[in-house]
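As written, the chains take the letters A, B, C, D, E and F, and residue 1 is the first residue of each chain.
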Amino acid sequence: MTDSNPDRPAAHEPFRRLLLTGAAGNLGKQLRGALAAWADVVRVTDIAPLGEVAAHEEASVVDLADAAKVHALLEGVDAVIHLGGISVEAPFEDLLEANIRGLYNLYSAAQKQGVKRIIYASSNHAVGFHPVTSVVDVDAPLRPDSLYGVTKCFGESLSRYYFDRFGLETVCLRIGSSFEQPKNPRMLVTYLSYRDFIELVRCSLLTNRVGHAIVYGVSNNRVSWVDNTKAAFLGFRPQDSSAQFEHLFPAGAPDTNFDDPTQLFQGGPFVLAGPMEPKR
Amino acid sequence: MTDSNPDRPAAHEPFRRLLLTGAAGNLGKQLRGALAAWADVVRVTDIAPLGEVAAHEEASVVDLADAAKVHALLEGVDAVIHLGGISVEAPFEDLLEANIRGLYNLYSAAQKQGVKRIIYASSNHAVGFHPVTSVVDVDAPLRPDSLYGVTKCFGESLSRYYFDRFGLETVCLRIGSSFEQPKNPRMLVTYLSYRDFIELVRCSLLTNRVGHAIVYGVSNNRVSWVDNTKAAFLGFRPQDSSAQFEHLFPAGAPDTNFDDPTQLFQGGPFVLAGPMEPKR
Amino acid sequence: MTDSNPDRPAAHEPFRRLLLTGAAGNLGKQLRGALAAWADVVRVTDIAPLGEVAAHEEASVVDLADAAKVHALLEGVDAVIHLGGISVEAPFEDLLEANIRGLYNLYSAAQKQGVKRIIYASSNHAVGFHPVTSVVDVDAPLRPDSLYGVTKCFGESLSRYYFDRFGLETVCLRIGSSFEQPKNPRMLVTYLSYRDFIELVRCSLLTNRVGHAIVYGVSNNRVSWVDNTKAAFLGFRPQDSSAQFEHLFPAGAPDTNFDDPTQLFQGGPFVLAGPMEPKR
Amino acid sequence: MTDSNPDRPAAHEPFRRLLLTGAAGNLGKQLRGALAAWADVVRVTDIAPLGEVAAHEEASVVDLADAAKVHALLEGVDAVIHLGGISVEAPFEDLLEANIRGLYNLYSAAQKQGVKRIIYASSNHAVGFHPVTSVVDVDAPLRPDSLYGVTKCFGESLSRYYFDRFGLETVCLRIGSSFEQPKNPRMLVTYLSYRDFIELVRCSLLTNRVGHAIVYGVSNNRVSWVDNTKAAFLGFRPQDSSAQFEHLFPAGAPDTNFDDPTQLFQGGPFVLAGPMEPKR
Amino acid sequence: MTDSNPDRPAAHEPFRRLLLTGAAGNLGKQLRGALAAWADVVRVTDIAPLGEVAAHEEASVVDLADAAKVHALLEGVDAVIHLGGISVEAPFEDLLEANIRGLYNLYSAAQKQGVKRIIYASSNHAVGFHPVTSVVDVDAPLRPDSLYGVTKCFGESLSRYYFDRFGLETVCLRIGSSFEQPKNPRMLVTYLSYRDFIELVRCSLLTNRVGHAIVYGVSNNRVSWVDNTKAAFLGFRPQDSSAQFEHLFPAGAPDTNFDDPTQLFQGGPFVLAGPMEPKR
Amino acid sequence: MTDSNPDRPAAHEPFRRLLLTGAAGNLGKQLRGALAAWADVVRVTDIAPLGEVAAHEEASVVDLADAAKVHALLEGVDAVIHLGGISVEAPFEDLLEANIRGLYNLYSAAQKQGVKRIIYASSNHAVGFHPVTSVVDVDAPLRPDSLYGVTKCFGESLSRYYFDRFGLETVCLRIGSSFEQPKNPRMLVTYLSYRDFIELVRCSLLTNRVGHAIVYGVSNNRVSWVDNTKAAFLGFRPQDSSAQFEHLFPAGAPDTNFDDPTQLFQGGPFVLAGPMEPKR
């Protein structure tokens, strides 16, 4: 990454400054500590309070829909891990601000500030209307399962444009279900352990060239709906598996409602969650 | 199409009422007359004045970003030909209102009003960053060449979602260059005659089932960058060709700037047009 | 083709003796005359009466489920056009005799008698459960739409085996709807004129090597669900089109029953026709 | 799975009643014990004697070619593991009764009795005419290597039809060589340990949705001719390998008969085994 | 194309100077006249005498294996049509000099002299070991049918390298059989009329960007073994067909020697022609 | 393998006599010892001195460009491991002699002497112009990154021809970087341990049928640019990984020169290494 100040002492870590958006969220909290190993300075941001700020951190609460603030936020940043925005189904108006306008602000500012790479938290809900009886690879056609999923498709298209147009690299992480442990049988398939999530971000940051890459964020679970073969250049090798949690959801006979779309499609409950009415 | 009033006399035309958005635009004007052949009533709308209104027409000037008005606009409509919105590169804020918010309003209203099919004017700029030395079929990966192109990708994703979720059918027309005649050498490849454009809309409206279809809107030109084989179920057989206009742009030797992206990619000048700064 | 009798005078036509099964059926009658141009002797057979027998013809009424008779029938035959068997949905027991046992008898006898090639009337109903919003090529996965369709898949597998095992060549004709004219809107898509049918048989007989080929038998209709590109080595170029019959079935608006499988799948009414109960 | 008797106490196991056909065969014996873990009642059947019957078992000797008996056999059954029929090359007449008529009887009865899923013992001999220098995935074109293989193709087509037509799910297990240990060098490639076979059946029964699935039944052997990537949604992860048996068949130099089809094709000796003459 | 002499008057034709190698050969003679329409100066060369030299021509007899002379030959050249070298099976030593060393000399000199594009006469014999029962597209795996074919594969690889490395564009013409008329039944399939050949060269020269393209040079014959869909960006639309010559080779029955490789593979007699012993 | 001397005692090892070319090179030295386990006699050759000759070895210094000597060298040989020739970028004249003429001599002699199989050291530089952000399988289009790479493409084409024409089998090993340990970050991806290299040769020699196979020679490294799925029939399962060497090249931030082709393409420094001028 370029450095406009050649007098500054050499960085000790691979990156001078990383920006983490959504730092107050579930995954943001997991990642915040890990980033210290890869950057001298970690700038953390969220729309929510960010808690205690470590010595190597810079914290600022920002609404990504505010273009001017986002431009300031990106100043001096080498690379971004973008977990911000809304990560569940929501009224379109809310998604529009957070996931469309906010994302455009981020990319527009990143390009102008000379940021070289963005790790973008996309989602398996960009392809959630593929059936559970299929395996999708990273080239599979988009099949969003919700308005939320549609905004993730938007993010993948927008970042593709910024790569083709300006060479700004992006890794789109189609994250499955990253929690302490799976909360239902579907998550046995989509589970991504925190450890594997952090490794996935590490690979995405440190691989020398990523271009515009798409990769599924799932652990090495027994059942799989995804195929990362074509993303092997990222070097992501998950270490964990949901197998240890299978006893929590003992297999019964296949359920009887054969027309239930939440059972037929990879997106699970998301396929019926939207569109939501705006809250008033 | 369903009819809530069984006492109404039988329609004389295939559709009771079609809605044409963007009716005051270049292609809208071409289509407006033709629609009379396929519907008893043609509701025309635009953000600009609509000129003289024929006996079979209902006209109303509407900003598609106004949700309430769009819902009213869709009432009693069987199918929509959506040419509205912005069709060139523009500042993101403008595209957001016209092509993202406006499109959501349209689909949201259409679904609630029981509309069964939308013919959506997508664009070859959704795939304009494919090289001119390749041929893309209807499954080719999205490669938007502009922010405008990104919004067209959004439209394709959003309409896919409405089909998978509600069965609301869409034909995405990736229209090339539909003018009286090609204006430059690139348009010899992307030319779509008005006659072929109208035929393409006819096929899209009258084919019994279209699901969520994508089709390139180009005439039978000598040089082609697209392959409609997988959309043959629509029955679109272009009758015209740009060959009659080739003499207007006599071939010189290939130009010398080998790194000029406007010569390397199918999107032509669009690949450098954006992103545009907002006008103030 | 081999000739066991080297003293016989040289054939005037490409083949010494062709066998036509199903010669009393709709397509059999069309073909019977044409075959005279390609063979010195045309042996015609059916389970039904064969009408007047021409000078160059040998006629015999045979039930293909009778192995011994089929072996006799194949004696001295160079190549077979197999239109026999049941060509609509029927009780499984009937299909088993006519389309499974009968077909095995035919191939078993043909192999033992040294027949070199069989033109096998398969059917688009071998792939009829593909949606009408898709285009299938000759490699598309089998999707039979009826028990009848299942027996056509059997025929394609059996003939593949005889080719891989013994080099006995087969062209599987996935015939659409070959009648004087289309009888309903679906047949505008699947129409195969008699003239094109005869040409398809001619190509299948006279192409020097066919291996085990699959080809769709449709005319050059405006709407198409099939793609014969990979069968271009057969040289079949249809001359006719159903376009001349489109006025018989003026397009109305797409019909309203979105869950009607007969509208959703290429097989049309066949998808609901079976399984049939045996007649008693 | 549906239960016609709501007064019955809740099942302790995932299934109330499973039917195992071919229960007296090699693999049937292996599976019979394992099934107790997944069903309250295991109905076992074969054309041969069934030996001692356990407390949780219902046993009946049935010829699957007898439609009426098969219909009775399927009564009250939740799911079927169908290992019955002939599993080697045989005269066509025998295969017709056991593997074609018998299979139709099974599916016809299953559909009428409301059975929801069938685990069908297909075979790698459905694709045995693929060369040993290729790797086939679950979408590979059918290439039966024997009349037996042709009947397995029939089973895959028939079950596909019942899924597309009625939603009756099937997992087609293309079982390799499941014995105590490999009996020849070819079986080092096609070996499926009994433990892995049982696990494959477990996955096929307990995965919530399987649609119409095809999966190769092989252990994690060093050399592989098959690729189960697209069936990863079943969660089958073989634990065993034939590597422990490689010393039994020390590699010599490649053999000298380059035209020997049993060495060239995945089906091995099957490719020359048929067609067999009927025994009299 | 660059011009080192800016004082020179503007070219009247698209190119200042084209180089035609193999100008004394069959196709070279056809092309020589046509080139006048596209260049002010046509430099013609061959290892054989070049006959009468027109006013717009520069002629020199050169052995392409002579590096120094080839470098001189390329001076001031805008683009090359390379028909030179050996175009039939020959002893390896001869092919090595003409088609390998000679071709390297040509590309090495062209790159150093700033030539921008080469039209390279490759051959269908680069893929001649594909069976006549298949259709190859421009991405089909290489299957040379002769040592000659191997050298054509070399040319396609070498030119690919020069494009990836230096941006020197090449169109590889996989020319079929370009003669006054087909000389045998196989040539009915591979026939390329002189008129279509000239049009193919025209498209290859005048298309603005070609990258590294491969295209089959065949007329619009009834039977086809090739598929140019992916090369549609070149705009080659053959006008002629071998249909007018079909009467010269009336179809007989398929011949009886089923193992004759010259009947089984697209390369025809070439598949048995090599390797040839050197002449002494 | 054939044996011209039936009186000779039975071989103790799979092969009577193996020929190893390039035996004095880096990999040749690794392999020389291992071959003793698979052959009674190991004939070793190189253009350089071969050092001490073991009891089971026959050694001869040969220039492969000398056809007569190569013919003698192949006499009595069962199979060849061909590591000879130039394995880095070099002037074309040198590559022509060693890798083109030499290889032709080898195949020509092998075919005439009845050799049945050649293990050919191809290279990942045959596909080195694929980007580092892609994963290539064994069917990926050729993209040589150097003149050296072009000669490896030649070898793959030539060997394909000898297989299609004469049945002479070849395994093309696209060897990555086989050294004691990786020498730079790129080699972490392309690393092939000596142990895995030897196993790869073993699999290539002892698999009963290999046809014309292509396989990537890389260990089980964390990051991968290649996919050997379609070569699984060879049974190559690498045991080693470059993970143990990752600490030698700690990841820094991605470097800043985004246009550096040595960082963008799999071939690394090779993509700029050629063409080299001849040494004089």
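What we mean here is this: a contact is a pair of C-beta atoms (placed from the backbone, for glycine too) under 8 Å apart; a residue touches a chain by one contact, two chains touch by 3 or more.
For clarity, every value in this text was computed on a predicted model and none was experimentally measured.
Chemist: Counting one step for each move to a touching chain, how far apart are chain C and chain D?
Modeler: Minimum step count, chain C to chain D: 1.
Chemist: Taking all residue numbers used at the chain B/chain C interface, answer same if over half belong to both copies and different if under half do.
Modeler: Different, since most residue numbers here occur in only one copy.
Chemist: Farthest chain from chain E, going by mean C-alpha coordinates, please.
Modeler: Looking at centroid distances, D is the chain farthest away.
Chemist: Could you please state the distance in Å, as a whole number, between where the Cα atoms of chain A are centred and where those of chain F are centred?
Modeler: Distance between chain centres, rounded to whole Å: 42 Å.
Chemist: Quick one: report the Å distance separating chain B from chain D, using the average Cα coordinate of each chain.
Modeler: Roughly 50 Å, centre to centre.
Chemist: Centroid from C-alpha atoms only, then distance chain E to chain F, rounded to Å. What do you get?
Modeler: Computed value for the inter-centroid distance: 32 Å.
Chemist: Hey, what residues on chain F touch two or more of the other chains?
Modeler: Each of 229 in chain F touches at least two other chains.
Chemist: What is the complete set of touching chain pairs?
Modeler: A-B, A-D, A-F, B-C, B-E, C-D, C-E, D-F, E-F
Chemist: For the complex, give me every residue of chain E touching chain C.
Modeler: 131-135, 185, 189, 222-225, 227, 229, 251-256, 258, 263-264
Chemist: Report the residues of chain B in contact with chain A in the complex, numbered from low to high.
Modeler: 92, 96, 100-101, 104, 108, 129, 139, 141-147, 149-150, 153-154, 157-158, 160-161, 164-165, 271, 274-275
Chemist: Under the stated contact criterion, what part of chain A meets chain F in this complex?
Modeler: Chain A residues touching chain F: 1-2, 11, 14-15, 78-79, 116-117, 167, 169, 206-211, 213, 229-235, 237.
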